[in-house]
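Below, chain A partners chain B and then partners chain C, in two separate complexes.
Then we have the complex of A and B:
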């Protein structure tokens, strides 16, 4: 049980900055997900916390103790790696025990903890097998077990699910969530999958280019993205970003009130309608470019007159529309996210 | 591949059989010769069937040797050869493992230089640097000693390259996981890397044991005391008698004895050896 504090943490590789000053306070028992595109510095950040990467400047405090100069083993953390990194020549039991043995844990205590972890993860029958005799999902469980038996102050997950197939990934995601809730261990979790990030996190840290773009609960980040980057990154299909000029013309002029510095507006695909909703509406005229049925709903790509990029809207069921049809798309003024292109920030912040 | 062409399979079998005969016949001849009495070769024809003197010949070579040829009993020479071959194999493997570990897993100044310096020793086997090496060993007073026989042969990290290539295939995460689990560098080496290299070590041991066993030139140079003779050089002495006919039956008995240990090593380590050459345990 511990808090993790990152204070102005920086990392350079030679002259190339990878992490450009990150401040983050993780509360005790919280699950924080670091999410961002590849190369955004999220893994580097995690590895610095783990002690596998040196720190260029800044401080890392785990449980109030500065650990920047401490060896990974002295930081009281456990890490789950992307490729699991199980010791191939040891049995599952050997893998679970290794860290405890190195710490001189008494035999009885080791056996008790291994048994507990095996029960929690339901890998009891696998204890005497070698890692190569296990399936991907089972290896994943063993890797988690290796972290659990240590009963550390914090778990660090480095894209632990990206080697699993889609179905297993969803299943393990739920299990990780349940496990973390049950053990109440402070956790840092790195992923590039925004869906994984949304479903797992107590709070999200969206990173881009070595900087933190936004920190908040998944709903906060989804409902009020602080920057253009976050707006485009979180959500699938991504938020439509339309030049404000093409929206404010014609009959929208009366209903749309944007600040002077707003030159780009964002609209979620599920907050655009092809049937006119109640109350004030904005209208956008365009032609249907593509209709993608994805099961219960359809993705409609519409080329709005006077813009370059087509916008995407999600529509329930399968609308009777063909490519080339002209169409009017409606949106509610309160669903609009106003941004400034230059600063990349939200203009109705505070 | 399944093919049904009788002539082709006849031909391929024929080639294989000829090959086997070419390799085995001299060995067979040596064995036959070692079972005959000393007079049986005077006619100039070598008999092709075993004679009655096998135990007598082998017994004599193992316990007495041929004193006129200046060779000690074969048992002593076998012992010397075994000690030398094992020391060379173990020494080379130990040095190579450690240097490959340093080169692959640690960052230190001149790492690449260190690697290439080791690599260059591949181009300088004992035979190439034999005169300076002899001078050094002689000045250190190591002639006629096991140290003098083995040390110069150990001092080339032939296997470093092989272990380096293997270590490079070990994922970094394995070391990182071990670090998080509280294993220091030597603990990681002992607990993780060594067990993973087991089959490679076995394969190398077989190769290096035979390499050490067949050394001829170097033992010939640094030993004058017959207590340190190795069996390969000893056989040469047995065969080169000055003013009498070589005792071929006894020479051949020593030859057969000299052949046994490498064969045994290969047979007993074959399973690991093949595994080490074919796949790495992942």
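Then we have the complex of A and C:
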């Protein structure tokens, strides 16, 4: 059990900055998800916390103790790797025991912990198999088991689910969440999958280009994205970003009051309507370009008059519309996310 | 999955295409080997006029001859020493190069060069360096109080040929070890580091076991090398001497056959040598198939 503090953490590869100064305070028992596109520095950040990458400048404190100069083994952390990194020549039991043996844990204690971990993860019958005899999901469990038996101060997860198929990924995601709640171990979790990030995190850290774009709970980040990048990255389908000018023209001018610096506005696909809602509304006229039924709902791609990019809206069921139909799309003024293109930031932030 | 197959109706063409390779194998490998087996059952008179078929007499004589038994022992010592020395040194070099990220290509290239040198040249090179009269090594060893003269001291002669033979083979082993090391995923090392294993422990508990297929392969190759390919080297450095101290089987085959002109005995020795290598290789392959798998 421990807190993790990152203080102005930087990492350069030669002259190329990978992480450009990150500050983060992880509370005891919290599950923090680092999310961002590939190359955003999230994995580098995690590996610096693990001690697998050197730190260019800044500090890392685990449980209040500066560990920048400490070996990975001295940091009291356990890591789950993307490819699991199970030792292929050792049995599952051997894999689980390895870290404990290296630390001189007494035999009885090792057996107890391995048994506990095997019970929690339901891998008891697999203990004498080799990793190559296991399925992807089972390997994933063993990798988790190897982290659990150590009873470390913190878990570090490096895209642990990205090698699994879609169905298994959802199942393991739920299991990781349940496990972390049960063990209450401080965790850092790296992923590029925004859905995984939203569902797992106590708090999200959205990263881009080596910098933190926003830190907040999943709902905070979804409801009030701090930057254009976050707005476009979190949510599926992504938020529609349209020039403010094309929205404030015509009859919307009275309803829509935007700050002077706002030149781009965001609208979530599920906050756009084809039937006029109650109260004040904004209207957008356009042509249906594409209709994608995705089961219970449909994604409607609409080309709004006077804009270049089509917008996407999510509608329940299957609307009776054909491609090429002209329609009016409605939005509520309070659902608008105002941004400034130049700074990339939200203009109503306070 | 479907593969497209082209069928040539010509029945002779496949044989014609195989013929050159088959001819080379037959003329230069199978025929001489068959001749050796045949000669090993015969005795030839000193002038080559008459050969008599004498069954296993060449073999029984061989195993009651102290010189041959000595040669067997020397071969065992030589092969084991060369294999251990060259494999351990090349593993050490490979691990060192694997740790260096920059310029490891340059190191690799340089370390491979000795393999391009012909065995006889290697022999002469080391003969020159260790020459008791003009060599640099004996000069330096004298400074340490060691009197080096491999022409008189059998143990020193053995050390010299072992060093020379190992030196040449290090390059080859090195290449395979580097490739083997690079196929061990970095994340295993990292996982082990987090699991509290120091660099030395990581190597012995994670990397070395994963290298075992490479190690076993090299073991076979090195033993075969030491037993067969070192003739030129011995010939150029010690001529099997002093007093038979470095007279390994392959050199004795040559010495008895071409210098002593005892064709029958020489043929019997080469057959025995062949059988030894076949047996060793078979044992190792069986062992590999059982043990080295994951």
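The criterion applied here is as follows: the second predicted complex is superposed on the first by the 350 of 350 C-alpha atoms of A that agree within 3 Å, B and C clash if a C-alpha of one lies under 4 Å from a C-alpha of the other, contacts with A are read in each partner's own complex, and residues count from 1 in each chain.
Everything that follows uses one rule, which is that contacts are C-beta pairs under 8 Å (C-beta built on N, C-alpha and C of every residue); 3 or more make two chains touch, one makes a residue touch a chain.
Note that the structure is a prediction, hence the values are computed from the model and not measured.
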item	value
Room on chain A for both chain B and chain C (clash or fit)	clash
Partner chain in contact with A:79 - chain B first, chain C second, else both or neither	both
Which of chain B and chain C A:88 touches, first, second, both or neither	both
First (chain B), second (chain C), both or neither touched by A:299	neither
Chain A positions touched by chain B in one structure and by chain C in the second	50-52, 71-73, 77-79, 81-83, 85, 87-89, 98-99, 102-103, 132, 146, 150
Footprint of chain B on chain A - complex, ascending	50-52, 71-73, 77-79, 81-83, 85-89, 98-99, 102-103, 132, 146, 150
Residue ranges of chain A touching chain C (in the complex, touch as defined)	50-52, 71-73, 77-79, 81-83, 85, 87-89, 98-99, 102-103, 130, 132, 146, 150
Chain C residues touching chain A - in the complex, by the definition given at the top	185, 187-188, 190-198, 201, 205-206, 209-210, 294
Interfacial residue positions of chain B with respect to chain A in the complex	171, 173-174, 176-183, 187, 191-192, 195-196, 198, 281-282
